[in-house]
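Shown below is the structure under consideration.
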């Protein structure tokens, strides 16, 4: 077992644990913290995949900006403590739906692993994950999704501005 | 040398320098600001008050450790640690001198971005401290900190982006190297003055130093997020602030003041350390000077300034820089 | 003890009044006759006879000028020097008495024989200067008659 | 007036003896009253006679008796023989020389109000008169005129003598009652008045010795006979005590309102060396001084009041021009200071203060300010005291200041020269 | 104010501010290095309480605590006790057994002087109204009380009966 | 309230009962008329002349006897030419009074100037300074300056001991006579009188010993100047420095309302009680208190107070320890002992007694193999507390309304020695209002002089006497029972039998005061039952002002007995005994392990295995139930001393270690549970007990001259819970208990004296000279 793999295992364990912690945490704030931990772990995974740019961006954007905003909102609303009893009446369909989705996801994952296991390289190859290459890829191969996301985000932003504006 | 051992030695070295720097930075600040205010400043502990930081440290160590009632104990204790680690980690990528030996992680190609990432994470200490203390002042301090840092990080990013564009690299070593055409005009401060100014301002905001110290505005918030902290926990916050100050100064030097560059560096690489140190110290003194001069911003003005002035100006600067580079204007290629 | 010694007088006095307390002044006179003045033990005896607190008797003794709280001479000479008598030379007469007895008004002669006191009107202004010797009136006194009286009294007891 | 009504010893020298007294109509009234008259009739006669209290206040005696409730027993008669006013010595003479008339008067009064016990309160100095009186009482007992079942009528009367012990204030009727009860001789609150709650909280008549001495002739001779003396409002005769700078000081019994002060002085042999009269004290120290200009005032209650003074106990102290008024006033104030019982503040402190001022003036250290202060102190006292003693104490100060202020001013202006004079 | 004006103002005025502050760097510090250096107290300053004595050595203070009552800072604490002729501290019946002034609280208003019926407490000049400990700044009676005048005995004294039966002597007559 | 009289004062109309004096009528309107000699609790004398006012009555036409009216229809007032004293003038219909005219102001100024001519200027050293009526009135009404020559001031003695408790300053005395009248009229000890007269008039005492009265301290309260001061408080503090705390006296069953004045002291380094002052409660002590209550307070800060728990170590020494250890040890022993007993003294507040009883009854008593019992000390009163509770005076009883037609029977007790303030109040009922007093006692007592009948019986035979006297009165009993026991000679001073049942039946009320002197438990029980039967047979059971009034020894005997319940036989031997505030070793069972909880290391404590330091009443909150069943609150005045803890805390801590789930935070929370459990106390609560109503006359306010320096009652008047006989469905019925032979130990017990030697009085400086050692009290009088 190579040191890289050992590291991967540990980090992966941390990432999974953090994700579970986020899910089961009763406190919104703790959930956010678990999420941040998860992001950090994922960033390390990127590093292991020789994609330092992505790792840094992951930390910078998700952990450094988005989660700070989350925390800000949580603290501002004082919503860090979740209600002890879920409001059963409000979202009665939520739990079954979640179970169904989870089952679908697991099935999907198992299917992918079972069918395309060989397609995934055992060890990350030296691919160019530098900013230049990512930029080119985004604007060439994935132009449409990129633009769609841009429009969606723009719409969300305009929506937020409109919603918060005083009448 | 074993690379791990080497990294360890360097880390310890940086740690020692950073902590000593922190300690004496407090002395420098007090001394300098008192002179700016026609006072003498600390002069009782040791000659020129040089032992004052030691005395302060001893005092803080012996203070009773207090946990507020109904605090979230785990987070409350973690927050100072979370605050101080990013400050120290910052130094990993900064080239202190011409020799690779003077750098912990030499030549990481995303050095500038790493810096941005670390700075972005550094704010968690404040936020968590503010929240966990179960104190309204602390919470407000934490809120202010999060809002302020997010707002100003954008400006900071744009300023760094300009620099990266100029150097065509996110590696700090490359940036320093880029600024060495042999004369002082190679310093980016002359070619990117707007970026330099934006960086300087946003750096102060990132550090939550005067005039942007709303996070701990004592007239309004007692001590902001640190209200409930005392003793060594308080010292850790203090440390993170001053270490970050040094780190920020180092970054400014690296980005805009040519880094460690200076005459006879090639002949005597050690000189590069000295130059770097002098430049950093100069930056630090300017920070103190600013603190002595400017009053604190009002909170809404602070936010407005960040979003309505620095961000547009930064964006324009990026666009102009890009245009200049594309146009191949001399000095921008 | 007063109670035994003067039992008949006390009985007689007590019989005069429906309230025992009324007898306090007559009893004090009796005590004073016996002891010469109202000393502490006399006061306590009277109080006991009447069933009063000694303080109440003491208070009566203090209020009235004719109960003596201090020992007096054998003869208490009260000379009136109030206005009607003074208009007829009482002041000069008192001076004479003081000279004759060698004591100031209010004092007792060293031999304990005479106490000279000046008093307010004793209702004999028509025969001023007037004095009472142990409440016995001596009217229209002159320096000479006073001297004579003193000498007589001295002599009387000398025997 | 041919015969004395009160000072009958002047007509019958040995009248203090029962035999002599009885020979001179003594106890005739008593016998008549007991046998022929109802108590109410006695009261009516006295009331009709217009007899006024001779102690000083001049309150009609009959009226006073009529206030006594009929149905409350026991009742008491108290005879006020605490004659302590400076210049008064009439009771002294009555008790010394005509004791039976006092006893008879007391007995008649007791019968009139149906009291069975009478106390004659004599001032402590009257030990000698008290012996005379006691002897007379004993005689009366022996003669069956007092005691149980008097003259077979079933009426009982005991008369006791109670000696005071030297306190002017006990002449005040409520103080006298307190003293008789064995309390301090301090005046009591009125109401309740003695007629309702007097001695031992029982109805009590208090009359002066001289007042009661008037009663036997009245009962014997009738009201109309008595009214032939004196004036309409002040009927009867009165003993006038004259003392001071006159040749023949003494008691003079005269009908009220018939004579003037000047005539009285003449009766008393005129002033010594015929010096001009400077002032007259008509009621000892208690009444305001009258200047020489008032010598023609008639001798009755109303005239004296009109002249700015009081008849009071009719003890006239005559001051001639050799007398220093400030000295005299000081003597009088000294008297009140000495006799103040101390119960109420103005009298206790005021007399003390006034005396201080007099001493200061007399010692030559005084100033005009002190003279004014005397008036202020007296005015501060006036109208605020518990009993009349305090009020009386102001009259020598105020009246001498009114009539003889120049003499005060002389004292303070020549104070240095006169010091020690 | 237009944007341009604002920018011009910012660009021109802010350096002035910075220069001003920097200029101060070269000024002589105004700090007084207490306690090595001291500023002289005003000659008329009265800040040290003294408890006075009479010429015969007796203390003027009668322990009435009116100074404590008058003190707006609640700096004075007095406990009284009774004099005897055998052990006399002051004229009259009463003297101050405990007299303490907390100089840290004192605001030097002088009301204690005004309140004193015997002129016992007097504020006098003081050099350094300071101390190193809180306890040391509570001046107790021994520190406040003046020594007896020359030739006079200290307190307590043994005194003849009746001589000192009045705590407050009559005021001297006002002469003009 | 039938006869109301209307009058106007300063133009304001008021209606007051007939016989009211003008000062009081004005007080009703809130108009202050300054007074010195007048005191609402004393008879008016009108000496000081301070209260002069203008008084007028409606003018009556002598011809028509009609009130004259002017053209406008207003009644014409005939003003009296001279000012009248408002304190002696009683109101009359239509009267008009003016207190605010220049004439009145001048008079007040004059009187004050007169008073000040002789009053020294020593306010700074005067103990009254700061709460002095003369000072206040001078500031309010006096002249700005005296015209009197200062040099000419009278000089008098300034330090005259009237006894060793009270000092007189002759110079300061203004001869108002309040003290004299208090001693004459209220206390009945005429040991203070005026002496001399005029300006020389002064207060003297000539009794032996001087100022021989249990009530002397009250004279200092009502003295309107600083002439009378107590030896205890003299020069100790200035009034304005004192903090005050409302409390209840704990020395006798009266339960006088008191105020504890405290101040910071250097000597003890903390607050200490400087003086004890009465607090107005017209239902209990009016404004009076006895000298014992006033001066026995030094024990609260005595140097030898227990401050730290003590345990006996291996070597047999008592050594200091921690609470934790002491409590653990106590709990361990209590939990292990097969037979445990708790004895609680009768000065312990209700809350603590309640918890103690609960601990023994529930927590310890639950285990079936175990014997657990709780007992009250002293044992004798505990024997009849239930009778006293059932047949005590009514809940609405008021000593003030006792008077003509009422019979007060005092049996086997000396009221003045046992309950001094009850003595005052009953004395007033007898002397002032004409109640009839019958006394039966083996010894003479001060109240005897007011008795209409006195019976004497052989010492120790009160129960026999009562049984014989009462049973013999009742024919049906006489028929049934054997002839009354005549073996014991009854020395009746009267020919007629003392108790005439017909007379008692005819009385308006029958108040029976009884004591347990020289009786053992059985005797006391028998006596109480006989007297209860007398009450029933005379037909007075259940009437408010009738009933039994027991002369307990201390303040909370009734309360502790109520908490602990029925008296049981004290066991001879137990495993563990826990003694709280027990003074008498006779009341304790033999035990292998003894726990003593007290203030001092008493003889009992010195022999104990664990000594727990308790807090005194001044350092804690709580309630006492007085002898007449009035439950009253007292409040903390002092900070706790050392590590000492309130009794309830100690009991609770032990109980919790034994498994009780108690979590009481203070006395109030305990009281809430107490009222739910203890019969009779239902409905009571701390808020209820702290209620006050406007009391008349209003005292303790800013107008010190009106009532003296007594304190206003802001801590609550307390509440009396109803006697058993007042409850619906209660059948008055008491079984006779035959009177037992007098027991030697009871006979050899000393008679009760107020200043009897004890742990508390021994530590009170000024009273030590008065202490009567038990062995000096003659056993056979």
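Observations
Labels for the chains are A, B, C, D, E and F, by order of writing; each one numbers its residues from 1.
The rule is simple: contacts are C-beta pairs under 8 Å (C-beta built on N, C-alpha and C of every residue); 3 or more make two chains touch, one makes a residue touch a chain.
Here the structure is a predicted model, which means the values were calculated and not measured.
Taken together, subunit D and subunit F share the touching chains C. Setting subunit E aside and leaving every other chain in place, the chains that still touch form these groups: A, B | C, D, F. Note on connectivity: the fewest chain-to-chain touch steps from subunit A to subunit D number 4. Per-pair tallies of C-beta contacts place C-D first.
Averaging Cα coordinates per chain places subunit B and subunit D 115 Å apart. Our note on geometry: subunit E versus subunit F, Cα centroid distance of 47 Å, whole angstroms. Distance between chain centres (mean CA atoms), subunit C to subunit D: 24 Å. Remark: subunit D and subunit E have CA centroids separated by 70 Å (rounded to whole angstrom).
The residues of subunit F that reach two or more other chains are 193-194, 196-197, listed in rising order. Contact annotation for chain pairs lists A-B, B-E, C-D, C-F, D-F, E-F, with touch applied as defined.
Subunit F meets subunit E in the complex at residues 120-122, 124-125, 129-130, 150-151, 158-159, 234-238, 240-241, 264-267. Residues 189-197, 204-208 of subunit F are the ones that touch subunit C when the two sit in their complex.
On subunit E, the positions that touch subunit F within their shared complex are 62-66, 68-69, 77, 79-82, 92-94, 98, 100, 117-118, 165-168, 170-171.
In the complex of the two chains, the subunit B residues touching subunit E come out as 34-40, 289-290, 292-294.
Those residues of subunit B whose C-beta lies close enough to touch subunit A in the complex are 75, 108-110, 113-114, 116-121, 123-124, 127-128, 130-131, 139, 142-143, 146-147, 149-150, 153, 170.
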